[in-house]
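Structure first, then comments.
Labels run A, B, C and D following the written order; every chain starts at residue 1.
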Amino acid sequence: MPDSRDPTGAATVEFDPARPASFPFWTRDVLRWGDTDALGHINNVEFARFFESGRIAYLSAAGVRGIDADDFLLAHLAIDFHAQMHYPGEVRTGTRVIRIGRSSVRFAQALFQDDLCTASGVAVVVMAGRDTGQAKPVPEDMRARLLDPGA
Amino acid sequence: MPDSRDPTGAATVEFDPARPASFPFWTRDVLRWGDTDALGHINNVEFARFFESGRIAYLSAAGVRGIDADDFLLAHLAIDFHAQMHYPGEVRTGTRVIRIGRSSVRFAQALFQDDLCTASGVAVVVMAGRDTGQAKPVPEDMRARLLDPGA
Amino acid sequence: MPDSRDPTGAATVEFDPARPASFPFWTRDVLRWGDTDALGHINNVEFARFFESGRIAYLSAAGVRGIDADDFLLAHLAIDFHAQMHYPGEVRTGTRVIRIGRSSVRFAQALFQDDLCTASGVAVVVMAGRDTGQAKPVPEDMRARLLDPGA
Amino acid sequence: MPDSRDPTGAATVEFDPARPASFPFWTRDVLRWGDTDALGHINNVEFARFFESGRIAYLSAAGVRGIDADDFLLAHLAIDFHAQMHYPGEVRTGTRVIRIGRSSVRFAQALFQDDLCTASGVAVVVMAGRDTGQAKPVPEDMRARLLDPGA
């Protein structure tokens, strides 16, 4: 059966990014006064910060950060903003790998303050040589861990 | 002739976001030491910061920020990362409005360090009541200014 | 007996800012990837961010933020940096009011990562009219709450 | 004659940190929308960011950053806040070395928005081994450059 996490193909199964159950991996950030801006809410750019927290922690949990001389570099980021967030409080970030390509890993992510989904989006990181910046294949033995960092 | 900035329709004319000439409006940020991260480059999230600088300045130049009790809120942001940026230096942000919908304004933007296009993307902001957060129509007299903030 | 928290005088009792027991009020921040800089550690300026988190939460707990048209504005900040902090992890911030003057409140604060005191310092905020920016007396009924926000 | 920049002793000559003429070295930052907070002004912590920009640029201009395996680490920072800053605009940071100790360098710094001195302060950095974090003497041939980075 096709599965959205099938490493050999595109995401073919729909999932609802507004449902926490869609995400197997969670991180948590504490909102800071400095995250607010003059509109009185959490600044939009900080949303990208929380997505980043989730991806970095995911890659660390999978044991695939800073392998030898390679890094995953961010190639694409897309965020849909659903609701404003307000200080004080916490934000929980759900992260899921939805596709692994030759050199790339595609994440789906969503942010929640209390039980409200405030943003969802996707991010694509590409494995690259640290010195060259050139894309390199994701090693075979890394793929299983990327799909299930808790395995 | 269809035009990518036709306020009545979608962008139908291609333009190259890697070419500075594609953008009528420019802002400039000075890179800060604090923009770097432990990978030694400018942190990816700061790219979203520079896009934001461009949009806010564009809306200010068009005279359409903080009109009465309405604000433009960010609804969607998508960034393609083309090259790393490094401290020290400056980043120039090109901004262009490519579509105005009933309640929304779509921007194309790109970042340049020296002459290198380091990122490009789109952002959609929606006019919303400050108290309600509900979308409202973009007023007619605001549309011309949004297409040409220098007019 | 003179006491370091005597609102009528200067701090006269020494206390050790490196000891968690010196602080009655605690906040917690989650370190973010974006808090690092190109030296690979948590950027020094973020230390000031964590001190800020502690003060804002303290003033909120005391119920004295945004009273009518007055705000506490930061007038002085001094930080001694004792140890580097590293991602990932959490930082705990201890906060204590050590003196209340006519218009000002002096805080002692310290940061801890795990059990290590990574920084200590003082901050002075001044009550000021929101519109005028001019210093105003700290109201009598606010002083007790400032000394013991949990009372 | 004693001089405030005498590397063998403490600062003994008074200077006025609110006067631009007190500073031989200048940097400039562009204020960002994200520098604001919910009080509507530039967040206080960003002031520390601009001081940092000045110190890093000063050390770079003096050619003394990242020498071999040593770094200057921040040991102390003290800021007096004189006036609020507001977006949009620029901030200019004046930086001056006022004392060089065995392992430490003491800076005086001030921030200006337009012609207004918005903050002044001091910062002490200590030369430390990158691996050990232990203080090391500032090399003799580095002292002259630290006092006059343009020499």
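Note that in this section contacts are C-beta pairs under 8 Å (C-beta built on N, C-alpha and C of every residue); 3 or more make two chains touch, one makes a residue touch a chain.
Just so it is clear, the model here is predicted, and its values are computed rather than measured.
More than half overlap in residue numbers between the two sides of the subunit A-subunit B interface, or less? Answer same or different.
Mostly the same residues.
Among the chains here, which has the CA centroid at the largest distance from subunit B's centroid?
The chain lying farthest from subunit B is C.
Which whole number of Å gives the spacing of the CA centres of subunit B and subunit C?
Here the centre of subunit C sits 37 Å away from the centre of subunit B.
With chain centres taken as the means of their Cα atoms, state the distance from subunit A to subunit B in Å.
Result: the chain centres lie 23 Å from each other.
Could you give the separation in Å between the centres of subunit A and subunit C, each centre being the mean of its C-alpha atoms?
Here the centre of subunit C sits 33 Å away from the centre of subunit A.
Going through subunit D residue by residue, note those that touch at least 2 other chains and give them in order.
Counting only residues that touch two or more other chains, subunit D contributes 33-34, 45, 49, 52.
Residue numbers of subunit B touching subunit D in their complex, please.
28-30, 32-34, 49, 52-53, 56-57, 60, 88
Which positions of subunit A touch subunit B when the two form their complex?
The touching residues are 39, 44-45, 48-49, 52, 71, 73-81, 84, 133.
Mind pulling up the subunit D residues that touch subunit A in the complex?
Residues 33-34, 36-38, 40-41, 43, 45, 87 of subunit D touch subunit A in their complex.
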